[in-house]
Amino acid sequence: MISFESDYIAGAHPRLLQRLLETNLEPLSGYGSDPYCASAREKIRAACAAPEAEVLFLTGGTQTNALVLSALLRPWEGVVSAQTGHIATHEAGAIEHTGHKVLTLPQHLGKLEAAELARYVTDFYADGNHEHMVFPGMVYLSHPTESGTLYSLAELEEIARICRTHSMPLYVDGARLGYGLMSDETDVSLADLARLCDAFSIGGTKVGALCGEAVVFPRRTPEHLLTTVKLHGALLAKGRLLGVQFDELFTDELYFRISRHAIDCARKLKEILREKGCNFYLESPTNQQFLILENQKLAELQKEVAVSFWEKYDETHTVVRLATSWSTTEEDLERLRELL
Amino acid sequence: MISFESDYIAGAHPRLLQRLLETNLEPLSGYGSDPYCASAREKIRAACAAPEAEVLFLTGGTQTNALVLSALLRPWEGVVSAQTGHIATHEAGAIEHTGHKVLTLPQHLGKLEAAELARYVTDFYADGNHEHMVFPGMVYLSHPTESGTLYSLAELEEIARICRTHSMPLYVDGARLGYGLMSDETDVSLADLARLCDAFSIGGTKVGALCGEAVVFPRRTPEHLLTTVKLHGALLAKGRLLGVQFDELFTDELYFRISRHAIDCARKLKEILREKGCNFYLESPTNQQFLILENQKLAELQKEVAVSFWEKYDETHTVVRLATSWSTTEEDLERLRELL
Amino acid sequence: MISFESDYIAGAHPRLLQRLLETNLEPLSGYGSDPYCASAREKIRAACAAPEAEVLFLTGGTQTNALVLSALLRPWEGVVSAQTGHIATHEAGAIEHTGHKVLTLPQHLGKLEAAELARYVTDFYADGNHEHMVFPGMVYLSHPTESGTLYSLAELEEIARICRTHSMPLYVDGARLGYGLMSDETDVSLADLARLCDAFSIGGTKVGALCGEAVVFPRRTPEHLLTTVKLHGALLAKGRLLGVQFDELFTDELYFRISRHAIDCARKLKEILREKGCNFYLESPTNQQFLILENQKLAELQKEVAVSFWEKYDETHTVVRLATSWSTTEEDLERLRELL
Amino acid sequence: MISFESDYIAGAHPRLLQRLLETNLEPLSGYGSDPYCASAREKIRAACAAPEAEVLFLTGGTQTNALVLSALLRPWEGVVSAQTGHIATHEAGAIEHTGHKVLTLPQHLGKLEAAELARYVTDFYADGNHEHMVFPGMVYLSHPTESGTLYSLAELEEIARICRTHSMPLYVDGARLGYGLMSDETDVSLADLARLCDAFSIGGTKVGALCGEAVVFPRRTPEHLLTTVKLHGALLAKGRLLGVQFDELFTDELYFRISRHAIDCARKLKEILREKGCNFYLESPTNQQFLILENQKLAELQKEVAVSFWEKYDETHTVVRLATSWSTTEEDLERLRELL
């Protein structure tokens, strides 16, 4: 049995576990005040070319989104998202649980369109009843998106410009950020995100860590951030668990190199799938590939290969997702080639 | 430099790290659906003599308290706690953040007194205005308490009886549960907790794990628990991180043996402190010891020994806490003896 | 200047003010425990043919929706609404403020379609990821809708059937209920609503009262309702203000007769508008009429007649709303005829 | 039967009802945008000597407290209150429902003591763990207090000074403000409150209105206040109901004159009670008087006179409250004298 089910099927990259082992018995103070957290913060600031940034370590993606959004929104504001955004669909209402509405716009291959965003905000303020409505208080993007697609630098610049015009912070959910940054088809860098966003996350859980997301606030840090993290139940006593891992991920560009590995594997995966005549549901330049499979064929495949159900395509076909990751091996790919 | 600062100064017990290493590259499904979580649940049920119990793994203590309390409370209810309870003092308002009041009663060495609880609830329902007040919806205890003290089985039985009489679920915060169960001065077992509580936590973070609390619902499981965990931002993608650790903690009684080690160390610590003529602030039968130190003496000691500030005693004295744990060594204790 | 701006431009029906005057100096107990509230409840139960119903008086529509929805929803649930539902658009996020998502479906002249609702719920439970999503916990309709349209009895029966199948309470927002019940084109009665809904409101604010909505729970009353009302800040000290008004509205069928008056006025209004060659935006059988007006024509009209902006139609036309109500007079209508 | 049960046993002062009647059929725009609201705001600004103040009209006291506190608090902050403060005891958890903790200090005849407040805040910031605790974000006083007592101007000045030092807004709950301002024993004026507070309420419900509280923000208005009111479900469609009443209350000093009437009645009430040898529970200079009555005597009295249960005094005695108000008559007082 081989698995392309997700990019979080394995534990941690061995170098991270090794560092956890090496530092395990050092007595360290808690709640993110240890030297490994400090070092990781410094390395991330450097990688982002954002020397003034605040960097916060949290354990999971939904926790990160709910905490950052509620820290940046005022009570009368909601967050604008593509209708397929993770916060709009697969976080069990975690954003609404903090009291805020997710304001959805149409998605285009998983992306918000700048022109539609501009029109939405302009129309909002032109509406005579807008004081009875939820104000668009910030903008949420994911990069890569849920569909594995990427914003171009020009698209991000334009969205950031609209955000600045209307004083809406821009937040990028980077749960799979490494796989976006290392795509062959991107012109967006970490420094670009730090320049354009008010906050963004650098996903660890899907890119080599046991758990962990780093949140970067390039310019303005929300007030009393540690207390905010605590009151969300998101403050780890042993902050070292996140500090040691991110410190290692940002040593010798490990984060980027293992992300690049996943992209290389995804390229080979696409070749294999094309070679076998598979139908792609959409064109993804990152580590997630979406196929339309005939249901019986899928049932057979699943005896040997774990894949993810994405959605029903029609009565006889299903869309499935295959994901590569830092842990994908040549053997996995070869075995898949044989099985198809 | 040696440290008695807290019971979470070290990483994980080496056997837990070893198991994380051994299982690291196995492809596993996420969100707690892997076989290690299943096995850990089964072992915990056995240890609790509660074959029907639901067992949930979360990452931290405040997260656990906020999630369990809000899952068991109805909107018009609050939770009764000693005024020194962790939820009442050191969780940054995480319980109120979920919309619920913490109803405080006096503390007696960190404990709620059954008779005061009974009187409080009786008086509440006798008050002609009680429909304008927050209903006592459940009871929160910690065991050991914030002061390192323990409830006797008779005390727990009596509190549980009052809870049943008034249909208030009883929850025990067991962030340091191992150190309570292995105390020489307790008559309370895991099975007693499972018999008397509606929910209780078995702390991992302070007892050998990198992170993790197991929550046990011995009888009735809150509905849609996975979705509840998700909407609190508390669902780990790689549930294995918690499953593998708790599975190992409950193999060969590791949890109990490392807790016993901390208790043995605490006994030696007390001997050393008594031998050196230290003043104890209160008598604790568990792993936390509280001393009254003259301020200048404290300043000197802190050059070599990390301890925790607890509270100001008077103008010239301070209460400090020294904690042992699974990671305390004979060498730490001997070094302390020399330094005092 | 005459006004068709809304159905809440005048104060209270004179008979209500008269009763407030007559009862003004009677010393009465507070919080809805006075005999006028009791009498009003009894009359509403009779009008609904629901002798066991609980009847609750609140001051406003958004307050009513937020309180009832949050009382009936569990934390993991959201409420299904047409995308044009008042709760989805014009309540400033009051529902999300209580922690719940509004799950929107397409609207058809302001209405939810039963078949789409059934498909949505079925698809939800068939989705392998639904535990990561917000559960459809209840259904919200408004009757009349925001567009002045009405559900047929057959439509309501079908929606209620789907709700029962999936254990979703059905709530009808009746802010303008009188104008729906007295329409020439309805086959729905108060007793039908009591039979089919789990909760519905009978709007007073737009139908003759200074303020006030009566909420009817025909079968099961939410627990601790008075405390729930109090914690929402919705409990009036002088409950008599609402009790006296609803008691009078449900005396000698005043509620129905003044609603019928508004419908008669709306029929005459439509005749006048048709006679003048106006373009209707949609066909409404209730007290709200929607016109497409050329912008210059609109500007001129507004010098003499207050109407409501509804939405931009195109570059040169606007949709406006004209509402009749219990307070509309023959003179208002004749004056409008002259002005058009 | 006569009633001293509360100060909200009657409807509205006849002049208010008269004005509602006179203005009843005028077509007015909604949501507080009508000329009566504008005029009332202007008169209140004048009465407060606060020409820049924002004035907001709400329907009830708990609604007012919850809305104002949550508008002024940040997520990590709680509100400091005497342990007997209305928000701490009799609002069913409405403040916690908005996510904020009520931080209680001892009460002294219902009042906060400035020195204790200063010490509390100083100790908070001196506590090494304060980032894990709820920050004191503002201060809540009621004036008169729950016990009918009053702050002196010197006490208010001192509390306001502490608030400014620690950047904590000061809010005064004036549900019975008129009865405080007109007491013989006060040196506090409306202008003093406007000078010292960041927000305060002027209660109408207990001082002559059918319902209504005016909230004054003397300097800085919270952003997007109308939307905030809407999302709390507190925005009345017919804002005129509140505007007309407050406009009349602040015409010819009606608010002050009817408050003075209640104080005069309270003085006579005290004389009668003293003459009859009643035991006072505490000394109140306002409209609420608290007696200790022998239980059998109380039972007899209640056959003829409605009074309020306050609390159990001992096994054979009860504390009861008698309240005068704008609607108390000489006849009520004479009848009471006969009955005692």
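Letters are used for the chains, namely A, B, C and D, taken in the order the chains are written, and counting of residues starts over at 1 for each.
Please note the rule applied: a residue touches a chain if its C-beta (ideal position, glycine included) is under 8 Å from a C-beta of that chain, and two chains touch if they have at least 3 such contacts.
Given the structure is predicted, the values throughout are model-derived calculations rather than measurements.
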- Query: Through how few touching steps can chain B be joined to chain D?
  - Reply: 1
- Query: So which chains are sitting against chain B and chain C at once?
  - Reply: A, D
- Query: Measuring between mean CA coordinates, which chain is farthest from chain C?
  - Reply: B
- Task: For chain C and chain D, let me know how many angstrom lie between their CA-based centres, rounded off.
- Result: 33
- Item | Centre distance in Å when chain A and chain C are each reduced to the mean of their C-alpha atoms | 42
- Any idea how many Å lie between the Cα centroids of chain A and chain D? 50
- Note on the structure: Residue ranges of chain A touching at least 2 other chains are 75-76, 91-93, 97, 99, 131-132, 227, 230-231
- Task: Sort out for me which residues of chain B touch chain C in the complex.
- Result: 70-71, 74-76, 99, 131-133, 135, 223-224, 226-228, 230-231
- Message: Looking at the complex, which residues from chain D come into contact with chain C?
- Response: 2-3, 5-6, 8-12, 14, 17, 20-21, 23-30, 59-67, 91-94, 97, 205-206, 210-211, 227, 230-238, 240-241, 306, 327
- Note on the structure: Contacts from chain B onto chain D in the complex sit at residues 75-76, 78, 89-93, 96-102, 128-129, 131-134, 309
